[in-house]
Every structure is written in C-alpha cells, then in structure tokens.
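Structure first, then comments.
Chain lettering (A, B, C and D) follows the sequence in which the chains are written, and residue indices restart at 1 in each chain.
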Amino acid sequence: MTAEIHATEIMAAAGARELRDNEVVVVGLGLPQVAAVLAKRTHAPGLTTLLEIGVMNMNPKDTPVGLADSRIFYHATTWSGFLDVMGMNLHRGIVDVGFLGALELDRFGNINTTLLKEKSQKVRYVNGSAGGNDVASLAKRVIVIMRHEKRKLPAAVAHLTSPGFVNGRSRSELGLRGGGTHRVITNMAILGFDPETHSAALLSVHPGVSVEEVVENTGFALRIPKQLPLTQLPSKEELRLLREEIDPKHIYLGS
Amino acid sequence: MANKTKTVAEIVRTIPDGSHIAMGGFAIARNAIVVVHELIRQQKTNLTLSQGVAGLDVDLLVGAGLVSHLIIGGGSLDRFGPNNCVNRARETGSVVSHDYTSLSICFRYLAGALGLSFMPIKSLLASEVLERLETGTAAEDLRRMKCPFTGEEYLLLRSLTPDVSFVHVQVADREGNCQINGPRWENEEQAKAAKRLIVITEELVPTEYIQRSPERTVIPAHRVEAVIHQPFGAHPTAVYGCYDYDADHLKLYVDHSRNPERFKEYIGTYVLGSGDHWEYLEKVGGLAYLEDLRAERLLGY
Amino acid sequence: MTAEIHATEIMAAAGARELRDNEVVVVGLGLPQVAAVLAKRTHAPGLTTLLEIGVMNMNPKDTPVGLADSRIFYHATTWSGFLDVMGMNLHRGIVDVGFLGALELDRFGNINTTLLKEKSQKVRYVNGSAGGNDVASLAKRVIVIMRHEKRKLPAAVAHLTSPGFVNGRSRSELGLRGGGTHRVITNMAILGFDPETHSAALLSVHPGVSVEEVVENTGFALRIPKQLPLTQLPSKEELRLLREEIDPKHIYLGS
Amino acid sequence: MANKTKTVAEIVRTIPDGSHIAMGGFAIARNAIVVVHELIRQQKTNLTLSQGVAGLDVDLLVGAGLVSHLIIGGGSLDRFGPNNCVNRARETGSVVSHDYTSLSICFRYLAGALGLSFMPIKSLLASEVLERLETGTAAEDLRRMKCPFTGEEYLLLRSLTPDVSFVHVQVADREGNCQINGPRWENEEQAKAAKRLIVITEELVPTEYIQRSPERTVIPAHRVEAVIHQPFGAHPTAVYGCYDYDADHLKLYVDHSRNPERFKEYIGTYVLGSGDHWEYLEKVGGLAYLEDLRAERLLGY
C-alpha cells in the first residue's frame, strides 16, 4: 500500500498530526485546509478551524476551489468577517497555529507569496499577502505546506512577505508576537527550526526519499541530525478520509 | 419611507474620475460586477481602488485601464488563477500598488468607520511588505509608535475613508437596510468607512422583512445613498445562497486575461458589447444557463 | 385648549421641531425619545433614531421605562451594539443631533448627570455619564430637555460630565469635534447659545410664562433679546399623537 | 463535541477573590443574576467589576460588599431608580470608582478584544469625567496623544482584559456558540476581551440549530469556557424574547436598596435564604408568577 500513497497525502497527514486537540487554527487554501479537516475528523475533534474571511468550524462539502467558495464554509458554526477572525482571534493572540502555503521559503522560515524573480531579474507578481503576513506575524506557531524544490527553498526569499526569523533574529527582537515558522512540510521531508540559530533543520524524510535528494533540492544548508527518522505514513483510515470524504475529486491531493 | 432604488447607470454617472472606490468583493465571491461593467462602459479614469482581497472586480477595472492606484491586501481568482491584469499592471508600473495585508486593510477601514484617524497594528512589522510601503508613496500613511502603557512597538495605520464603497448583498429593502448571508470579510468596516455607500442587492424586500430580524442588519439604511437591484449582479462570481460562481465563464475570463489583446476582446464582447447587465446575462448564456448556477437551497451554492 | 396643554407636551413638541427630516439623532431616555418619535411621526418621517445600546429606528410600543426595555426597541430596523451606534455612527461624525437630559446645565451649556452637591457640600451621586459625555463630545448639535429650576441651571455645574463650551471656549479650542449644546428646552422657555461668547440666551418663552419668571428661575445671567417670541404650542395632531400613541400612560408627559 | 455545561456553583468556586469580573448586563436587561447571587453566597471579596452601563447586577454585588473597585460608564435601574448601593459606596468611599462613559468602556474592551494595548478616542476630553480619572488612580490607564497624520489631539485608553466575563444570552449550544436576541450593547467586545468567558443561557440548543444561521453566532464556542443553563437566570431583569423585567420585584428591590439595613434583609431573604436559583425563583413567586412575565411572542416582551 505504501507505494500507492501520494506525497500530498503524506503531507496532509503530517500536517494534521502537527495539530493538537482543542487548538485554534487559521487555515489557508488547499492542503492546509485539507490537513485541518483531517485532524478534526481524527485525533482532534475539538479543533477550531478559522478562515480569514469570517468562518469558524467549516465542514467542507464537495471540494472547494478557494476561501470564498461556499463549499468550504458549509455548515460552519460562525460566519463573521476579518475583524472577528483576524482581529478578535488572531491579533488577540489566541490562534495556536497558522497554516500557510508559500511560493518560496528561506532558511529562517521567511515566506514569499508576493512575487518571483526570473533569471533576467524580471519580476512576476503573484497573489501578495492577503492574511499570510498577519498569520505569520501573530500565530503562536506557523506550519507551512509546500513543494520541495531548490528554487522554492532559496537562501533568501525574493520578497519577504511573511516573517519567520528574519536574519536569524528572535521574534521578540523583531518586535513580533507570534512564535514564527515552526514546521515546513514538503513532499520530501519535514523541516523544523533550531531554537538557538533559528535556521532550518531536517526533522524527518518521507519513506523512499533519501537525505541526499532532500539536500539536492534545498537551496540552503540544512542542519541534519545523526538519527533521522522517517515521516510517519498516513493510516488506512486517514487515507480513506482523504480520498473518499475530504478531497474525493483529488483537487488538492494529486492523483 | 424613502425609496432609494437607482439604476447602475445613474449612479455611475455621479462618480467623478479620480475617485477612491472601495470594492466589496473577495476573490470570486460577491463582486459588484454590474457596477464594474458600468464603470468600464462610462470609461472612468484615474481611479483609486481599495479592497481587502481583490478579485475579478479589481482585475477587470485594472485591465480596462481605469485605475491608477491600488490599496489592497492581496488577491486572486482562487483556483482559477491569479489576477493577471493586476499583476501585469504592477509589473509594467502602469498602476501604483500599495500592497498591504487582509488585517491591515481591515484595520484601516475600521479606523475610518469609527471616525479615528489612525489604528495601531502588530502585523506587517519586520517584513518587506512594510519596507516597500515605507519607502514608497505609502510612507505618509504609516508611522511607528511605542505603546505608552506597555512599551510595545506598534505600526500606526492611517484610516481609509473611500469616496464611495460598492457592496453587493443578498437582501436589502428600498431604504437600504441590508442583510449579508455567509461570511462578510471586511464589508461592514469598508461600508461604514466610506463617504458614500451604494449597495447592490440580489433581492429587494419590504422593510417588514428587515424588522423581523434586526440583528441581521449589517448595513443600516441611513448610511446608504442608493440601492441598485440587480439579480445575478455578481455573475460570474458567487453569491452565497443565491448562485454559485460560473466556473466555465471564469476559465474563459482567465484565458483572456493572460494576454492584453485577448482581454480587450473579452471587454469588447461582454462589457462594451452589452448595453446593460441584462444583455450581458443573455450573452453569457441566458436564463436556462443561469438557472443552472442557482444555489441549491440546502447547500447554499 | 391652550390651558390644558401640559408643559411637558410643549417641551416634547419643541424638541420635535428642532429635528429636520433625514437627520440622524441619538436619543436618551424619557422626553428626548418622546420628542424624536413625535418628529418621526409628523414632519420628519426620514429621521433616523439611534439608541446607544444598539438600536436604530425603533417604533416604541406601549411606554418603555428605559433604553433596555424592549418596548422601546420594538420593530426596530437594526439591533447591534455600542460599537456600531456610538462608534460607527456617533464617533464617525454622522450624528446630527444628540438629545440629552440633565441634572444641571450651566451658562455655557455644560451638563452634569453625575452628582449633586448638597448645601453641606455632601455629594450625592446619581447615574454618571453613560453615553451622555460621548454624545456631547461628538454630535453635531446637542439638544437638552430639562426642568427649569434655579438649582438645575447654576452658574457652574457641580460636576462637568458632558462638555458644552467649557469656560466659554469654542469647541475647537477644547479639542472637541461636535458642535456643542445648541438648544435647552425647559418647561418655561427655549434657550440657545451666543455664537461669539457661547453663553446662554433666551430664544422664546412658553405661552403664559413671563420673562421675569424665567430669569428668577435661572441661576445665571441670560442674554434676552428685545423681541422675544412665544414658543409655538403643539398642534392638535401633535397632542393627539403624544397623548394617544406615544405616551398614553403619561409616564413622561405628566398628567 | 465538548459539553461545557456547568453549574453556577462549580463555576463561581473557580473565581478567586480579587478577580476583575466583567458583567454583561445593561441597566435592567440581561443581568447575570444567577451568577451575582452565587458570588454573594460564596462571599467573594475584593472584586473589580467592569461594565458599560451598570444595573442591578453591579448594584447587588456592591451592596453585598464584594467589590472594591468599579470601572463603569454609568448606570441606573432606569425608571425604577438609581443604583443606590453603587452611589452610596461612592459617597462613603468604600469603593474606588473609575467613572468612564459608554463608548470609552466599549473602546477599552474593543482594544482588549483585538489584542491592542490601547485605543484612541475623541470623547471624554475637556470634561470633569476625564479630569477625575487623570488625577486619580486611573491616570495610569490614560495618555494624551496627537495623531501623527492629522495633528488632532486624542485620548489614549488602555485596553481592558477582564479576568472573567459573564454574559447572559438567550440561546447557546453545549459547546458555547451563542446567539443574542435584541440589542447587544458592548457584549461582544467585552466577551472577547476577557481572559475567561462564561455564558449563561436561557435555552440550550443543539449545534445544528447554530449551524442554521451562523451569521447569528456573536460568541463562538472556542472562546467559551463554560455554559450555565438557567431559565429565568436574569430575573428580575428582562431578557428580550424570553421574559419581561419584573416591575414589582424591581420596586421591592429599590425600596430595600435605599437603606443598608433593609438591603441586608433583601440579601438575607432572596439570596442567602435561597440555596440556588430555582429556590429563589420559587421565593419570588414561583411558576405561575413567572409565566406571567413570559414574553409575548409577537412583541418580544
């Protein structure tokens, strides 16, 4: 069965496992939302999931295409707005986890969602921050889910949209309240950040991925522990939930 | 009781070039497309647009060349693609874009809505988002400050008070009392910050309906200058409880918006080629097609 | 019929006439609410009436005993809260008229609703500001309805709860946004304020009241114009509305 | 789904002496009387109370000697009379009272709810309300500041973050999702500013009921520590849509509250003399009497 498991399914399950029961999570589009719903339907039934547009505890139906798609906010318990979710929860300091995607992420966990620079230095704009910078600034810990590619994990991001540990400085030195980037979950591995140097460290590799592959596909030096565990695979039940209930059309989980 | 219903053409004629317009949509939901099309037909110029998370509304207006200045928190068309026209305008420099975040835009509107000239915030700090704002023309809207009580460093944001805000709602009476179904993003703060407020409603109801659940009145009549009644007024974006986004039309739009020439074709066919929103609705498929997008009562989409 | 008209009815009608159609009014308990409802049911159908607790356009049924009585917020068009009414309307600067009561009011239109000092200097606390200070600070003009007694109209209030033109200074000198106290409607007369000196002036006396009586019952010097008009009495229709519809139990209008 | 229902006695045992408690009532509406009585039975001391417009809840707690510090915007029992116990405590100096205004209390809670340590305001200035605060122990909660954008003078208010807030609502599910019918004064800001939030509900509903109108959820479950289910829990104050204020009992209360000795009799009879709220309800008249106060469906009172 292992061979059949798609990397995005490992990512979703790993993301879900980072969440503890009764935590409050702000979720972004795509895999973050899939991971949070998976956690809620397995080990964390008391999880509170928030969407920045003003949704609490959604129970997505069919597969939503974005935050503004009513499939994602189906059967929620609250519909309010930015001021409530991002102001009275995130800025209030009660959000445990912010779950983000990234175009680029660097060794200090800084996130770029604004633009890409081509080799010619020509700039290609993308979506910008939306709630990303707010979440990165204010959530107690930030979990990023993204593809593992050398160009997406550069030494320094082309645009620092959402701060992790800028220049390796601590969050309090940066004047930021939240705990910063805590985990980066990719299709190859899970990264964490050294509590002293605030630079990225390898925490586990997914089954079938070698450390060399990870290093080769990472644009910055990774601290690598001597004993490197394998990432836990999704359980049968997790796979069933992902495939049959949460993303039956395989929009986010690949196919 | 005042009857404030107006046609979109009447209202848009009162918007001067150079106005600061706040748009009430979010990505592909509740975009005031009926207003956007009319602004393009009447060829307004030099507009400033503000919005939390910009979607099709802003992309259309920027693509059609009406906009010189953006104040936004981000934006996309969700899985359908990026705001190609907005991004192209940023890349070519044809638009000055002040790029904030969802919460900072919301706080700027909140300050405006509360009659405060500034609002403190703890995001944006230590980011290039702030660095770019502070080193550009947005510098005059930002200051650093230490809280006199805690010593904590804050960013102060200047209030935003748009000249006019357009908010698309599901339910309004003729005086302007509005209910919004589903999430409301920054609609309330944006609407109440604006100097003029125009609402576009899917459904006109008698005031007695409003009085049955006054807790649901997010925008009260006395703040509203005019009510535009336009069913399917947000097409091809979604209106919760009324109709779903039109995936086919959004794909067609994104396909055109990747290229300035093809974008012009889109505008020519669907906007300038339609005398009004009813004609546009016929052009995109007409009654039978639109009925297919109607929300299923139980699901809301 | 004149003889039968109660002074409180003159006050309510005079209060109503100070309101123009389509204005936005924040209303306090008692006669202010009665006056606003009377205006709305006569010459100002487009009046928007706000109650600080979060009510817009109430249509009072029976006679309410206070702002928190559901009889006052019956059939309103909005139920929200302080932040909406007092923040997003009053502080926003869109409230034309604030309608207040007063324990004491002085020659510069300063209002006391906090305490009274007995002759022994012993202090008797009363209700405090609630929204009164906010309304006086922020409404474009303030109308006070109160009984005309020498001790209630002293040279200086025992406690300056809600500012008019403090020490005769202009509102901008005081750092205040609103226009300050505009009219004082009593059971004897209507007062206004001199645009230069900001001190109280007599604008009209109610039929049957002499200027001497007014002066005798006022604790400060009043500017008195040579041509002093009589206050207009309530019309038959106004009396009917007041007596039969708005306050049929004569709770606010005396009996 | 977590079931957070608790008894009032359990909850009140967790409140330490010296706590800052925010009360959710307004004059004679939606006062958390069931909690007030239990605080008195358990003889908590040295409490700080905060509230926008204080009513019977605060008057009872102050009269019973539990309170050392008030932070309020004003208050009364409407036409039934002033808060005699509160006013007497101010006069004798037995309570330190920081007297603000409705909006400034609301803004202090708003700052707390938004995680801001301060909030600017344009009222209070040039008044003796401010002068008394600035020359007393409240001085540490106030600063003057010029807006860096406009030069306008503001008062800065320190945020209020009560240790615990008690809000009485009409409808809640067992997890704590709440709906409030009728006006909400500063309930939302107060509830969300507090470190702990306890709701008292007239009616317990299944979560499915909440999910039918999520726009109505003013307080979401994850902010709520416990739900106390107590019908007629606000008696003798009114709960819109559930029951009217009890005019006879309020007159009886005011009659007693004018005099400290008679107030003690009231507490002895109705509070200490009742083991719990059900006993209290029997004592004030029982089922038939209370049925008479029940709201008429169409009028809501």
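The criterion applied here is as follows: contacts are C-beta pairs under 8 Å (C-beta built on N, C-alpha and C of every residue); 3 or more make two chains touch, one makes a residue touch a chain.
Quick caveat, the model's predicted, so the values are computed rather than measured.
> Can you check which chain pair, B-C or A-B, has more C-beta pairs in contact?
A-B
> Averaged over CA atoms, how far is the centre of subunit B from the centre of subunit D? Could you give it in whole Å?
For subunit B versus subunit D, the centre distance works out to 38 Å.
> Provide the C-alpha centroid distance between subunit C and subunit D, rounded to the nearest whole angstrom.
28
> Quick one: which residues in subunit D touch 2 or more of the other chains?
Correct list: 115-116, 121-122, 152, 181-182, 184, 215.
> Which positions in subunit A are in touch with at least two other chains?
Only 79-80, 83, 87, 91, 138, 177 qualify.
> Chain pairs in touch?
A-B, A-D, B-C, B-D, C-D
> What residues on subunit C touch subunit B, complex-wise?
Touching subunit B from subunit C are residues 22, 24, 45-46, 48, 56-57, 75-80, 83, 87-88, 91-94, 138, 177.
> Across the complex, what residues on subunit D touch subunit C?
For this pair, the touching residues of subunit D are 26-30, 52-53, 55, 72-76, 78-80, 82-83, 86-87, 90-91, 99-104, 106-107, 110, 121-129, 131, 152-153, 181-189, 237-238, 240-241, 244-245, 247, 295, 299-301.
> Where on subunit C does subunit D make contact in their complex?
Interface residues on subunit C, with respect to subunit D: 29, 51-55, 61, 65-71, 73-74, 79-83, 86-87, 90-91, 113-114, 122-134, 137-138, 159-163, 166, 174-177, 251.
> Would you tell me which residues of subunit D are touching subunit A in their complex?
1-2, 113-116, 177, 192, 207, 210-211, 214-215, 217, 220-223
> Which stretch or stretches of subunit D touch subunit B in the complex?
Touching subunit B: residues 115-118, 120-122, 140-141, 143, 145, 147-150, 152, 154, 156, 158, 180-182, 184, 215-216 of subunit D.
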